[in-house]
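Heads up, there are several structures right after this.
The two complexes that follow have chain A in common; it is paired with chain B in the first and with chain C in the second.
What follows is the complex of A and B.
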């Protein structure tokens, strides 16, 4: 008989810094241990990966159409067909997927996703002319993508150099050339431009944000597809692994150029040239997270606010109408941008999420709300990835042994969690599984 | 005495940095009279970045140049001078923070070898690639 092997006792080492006393101390300690704001449970992993996949399919349309609008539709005064993407842009090879990609980290192909193409052809209502699909709203809701773009345009000053550049002489000169070329031979529009130049400049700035967001999402779509594939193969050990995958992805493409090129009668006008050195991380990803996840603006038709009673913050930086704060139920009203996204994702839910929703709350009746809350969980995980990436880029490794470094990490995490102290934040709710 | 580029070549631990500087077209600038202060990350610092990070930058020269310029100050400054001021403006435009004097820390990097005097400036060797923000 073999004697029982003695297991060595766990080494007891005193922590290098005292525990946090923050209201979200548990979450902070989890972040310090390499975790996510979202607890590591099998169901959370299933929910977030499932929704990443459902998000990636419409996103594969959003980025293509955003670039189509920024580069081709441009200043069309009556852009009624801006959502009728050209075949060229629908076929645009993704710069970060497919064999032609310089950076081959994600396995997906460069073409539009087959589920997207199938939906564009048939929609919910079956085969009919594109115009009828459009008018019936049986299509991908670009209005959501435009709402995100507008949030970035409106909040503007959120780090990076993009916004400052839009006010520079170089930008104005580039935009001026493009405006004049676009309306060459159109005395009415050129006359209006002479009378109201700033109005036209503002439109070009908006187009630059279309390009910015399109270039941002062009990367996120293959990342989310890849995560879904890895999960289907049983490849993620938990929520932190999924978060780490995002952190690595953020670094991998951090240096991707952000630019705005416009094609007018076949000629390329570089309104924001790549040579400005703008990057995916600083000029797109971080402003996007700030504008869309945290700030945005109150959605019409959801709730009334009295600005005189300070129900709307006087400082834009305090806006808190993004997904991390959203009460998904009232926001789920018809026509509201997040509802349009939920509607888009509904079409591409993996079967395991459909089955999950059937067993909770009102089953299929309130799938939009349930998937909206899943989306909220998943975006807390994406935000965690951004927070960890920033900590990694600007501060110290989690296993650093210098107490001062660990305290600097702690202060950073606490400052991030301070943003969720306001009552609207959903950080507390997502800690449990019964928030659906 | 040697200039910054020659000194880095001689050290043998800046292979990635020198390649990046070459790709970004900054070799000539760092051979010019300057003077400059360069925070030079060692090869291990670049190797510690997640896969793809360096490749994306090398594929995109202006973006690479921007990150490299964040490692350079105009003027030659020794450790004693640098620690007198909490922040120094980099050639990239964003400030480089001097976080600690002992051990000498620049942003979240530790200076593993300070005050390497060259013809056209001073090199401080750091153990991490530093990023604006």
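What follows is the complex of A and C.
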């Protein structure tokens, strides 16, 4: 097994607390030293930044189309063309990129990424009618984004107030207004609404999660583009630096409002108004990481589970089908189907990643798997950023000199690592470069 | 066509056997492989020419004092097997690794094996047949001993012992033919066919023949060498051994047993059929229990040889035609199976079923190889549209009216084929491919080519069964010891089973009234 070429820096002074005896003690010590769960090696840095860039391009489409569906398609009973985003939403300026943005942190432009536009025009197969591109799956696979959204909807109670709000009277009143406005002049649908109000309400809740995820990814896309640009300029010293950039980004936009507006015949219906005070970190980012990285759901890939044989936990909080546990290797394994995202990212790999994949395993033949495993590495780094951000928000600085505070941090890190004790977790695999 | 064409069928492998070791050591292994395959291809080409224009028999005096003559000939029984042997020799040579060690000797011995098998098939003299039969023993033993697996020495010794016994017993049987022949010590097939042996002599000779050819095929309980040897033999050699060499035993039973000793064969046929049926069941059940693909294939082969013996024992026109078809079908199917197993072994380094899983994985598995393996397993299981189906159907159809209970048992055994095929594929093809083990490269087209050619033949023979049955119609009808009850009305006419208008096999099923009257 090839060990990582770099490890956490050795502490210069005697440690204030004894070493951890956890199975992932090495990882915990690295986190306590300000590192990431992913070992700090030049190749890991190259892999994660490269894949962030490849992820950001389809993500630039995901967030636009998610908002398009939430705000425009809304309750269309036959949404066959929901992935055929309108030009208005394709041109929608990113709120956190470009000169017009309210909070200009990152340097990218506000328009859709040029590589995305190029791919949407030609795909892999070349120029042909948009419908054929769609049917041939020669397109951005929005099904992946919807699977993420459904995981967030389905797991519901993951902290924050967002889901509770969806059962509030205020939300129901707003949704009711929007439903009636949307189906005005359509007695059939209005009659159905009267007969089955909860079914319609559930659909609106789903639309609210479309908006939630779209607003979340609207922020993440420029973050990843920026990281890619910085790396290209030689700006990151290592994996921890990349993680710190993510932590800083999380805090920078933590207060971004999460809302759900619907536009019906030109009129805006505020189903979740900005004034409710839902924010990006607590109502979108943390539930997203919990639902998508950790939990998601079984029964999505080629692997099947027998729930009656207790192969599926009875408690949703124990679900472990996310990317941190996913078996990327057999294509279409459990959890969020990484295959669709892998296929999307394949189109936008930076040249240095393509070259890297050529030198390992089967080279170009199996780069879909190689990039899937790279994605898994990168998501461990993102999760590390979230863990560090939570530690920063809830506990004590890493350079605190109070042993009790350090022990509190230790307990927090160990509790986080406990989630990776189950055999499906890929944390131990990503500690070595042999896992490809 | 002149009779000297028959000599060309022998000259091609003989030339290869002698010339390959003389090649300079600097010639790359892959080139030696190509040259060796050319000799096989040349033999195949000559065989096809013989099919188009049947050559006259060749009769040359060799050692007249011993009664040994170079009598060669081709008929509907031997021609398809010669073509099969030439084809499998070429493809098995091409299945060898590009970096085959000691290639000049290896491929020379492969061609020597071919020489023995084809010599046996062309022989029209019992002593010449024995000579050719014995010739096969030497190169195969060396091939196993030098290039075999970890336990190659044991495998080679076991093969040598069983084959030596088989050869000696055959020699004894042939000498007994001469001893008991009232017309004197004659070895020519034509003389043996017309000889009037006493019932006691027939019983002794047939017992020896059954022992000899039963060891060669093999059938239960004479199969002791087979699983071990198949497990240790290099892939190209096992392709030739299972696909072609073992058919020499079946051919011998048909030619000598059914052909020369018909009364005793008919009298003993229930016991022979029972042995075939037990082989079929025993082979299939053992195949289900195996944890190594090569051993599984060995027992599968044992089971299919059992079906072949069933067809021979019934000795109806239909069952004999089925037996010949089974020889051809099993030849290409088992060669394809071992070609695929060889590719799996070359890439993964193992044939242990518990160590393999998920090979159908499209990106890091061996999906193409597994696809061809699936095809071969389906053909072995007798799925319609593939080569195994018409052959097994003919065997069962032909034997059913003679040995209904035994045929029923064999039918069940045939059903077990699907069990081990599904079990194997489920465990090796599906499931999770272990990332830590999957370091192998994918197969390239040149590696796949031999298996692809065999796969095409498996499909073609399934869709056009005349390719399996057409060769032997006349001969098998002539050798038949029993009439097919529901075909007896038209027995005077040539049996036209597969030459029906439909491209798919068309068997005339009996009507209810015909069954009652029979």
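For the reader, a short list of remarks on this structure follows.
Just so it is clear, the second predicted complex is superposed on the first by the 414 of 436 C-alpha atoms of A that agree within 3 Å, B and C clash if a C-alpha of one lies under 4 Å from a C-alpha of the other, contacts with A are read in each partner's own complex, and residues count from 1 in each chain.
Throughout what follows, contacts are C-beta pairs under 8 Å (C-beta built on N, C-alpha and C of every residue); 3 or more make two chains touch, one makes a residue touch a chain.
Source: prediction; values computed, not measured.
The superposed arrangement places chain B and chain C next to each other on chain A without a clash. Applying the stated contact rule after C-alpha superposition, one finds that A:354 touches neither chain B nor chain C. Contacts of A:102 after superposition on the shared chain: chain B is touched, whereas chain C is not.
Legend: residue contacts after superposition of the two complexes on their common chain; A:327 is shown touching chain C, with no touch to chain B.
In the superposed pair of complexes, A:252 makes contact with chain B only, with no contact to chain C. A count of residues in chain A touched by chain B and by chain C gives the higher number to B. With both structures placed on the common chain, the touch criterion links A:190 to neither chain B nor chain C.
In the superposition on chain A, A:297 makes contact with neither chain B nor chain C. Using the contact criterion defined above for the overlaid structures, shared-chain residue A:398 touches neither chain B nor chain C, since it reaches no partner.
For the pair chain B and chain C, the model built by superposing on chain A gives 39 Å as the shortest CA-CA distance.
Residues common to the contacts of chain A with chain B and with chain C across the two structures: none.
Here chain A touches chain B in the complex through residues 102-103, 105, 159, 161, 247-248, 251-257, 274-279, 282, 390, 393-396, 404-405, going by the rule given at the top.
Residues of chain B touching chain A in their complex: 49-53, 55-57, 59-60, 62-67, 93, 100, 107-108, 131-133.
For chain A in complex with chain C, the touching residues are 303, 327, 329-331, 361-362, 365-366, 368-369, 434-436.
Touching chain A in their complex are the following residues of chain C: 358, 361-364, 432-433, 435-436, 438-439, 441-442.
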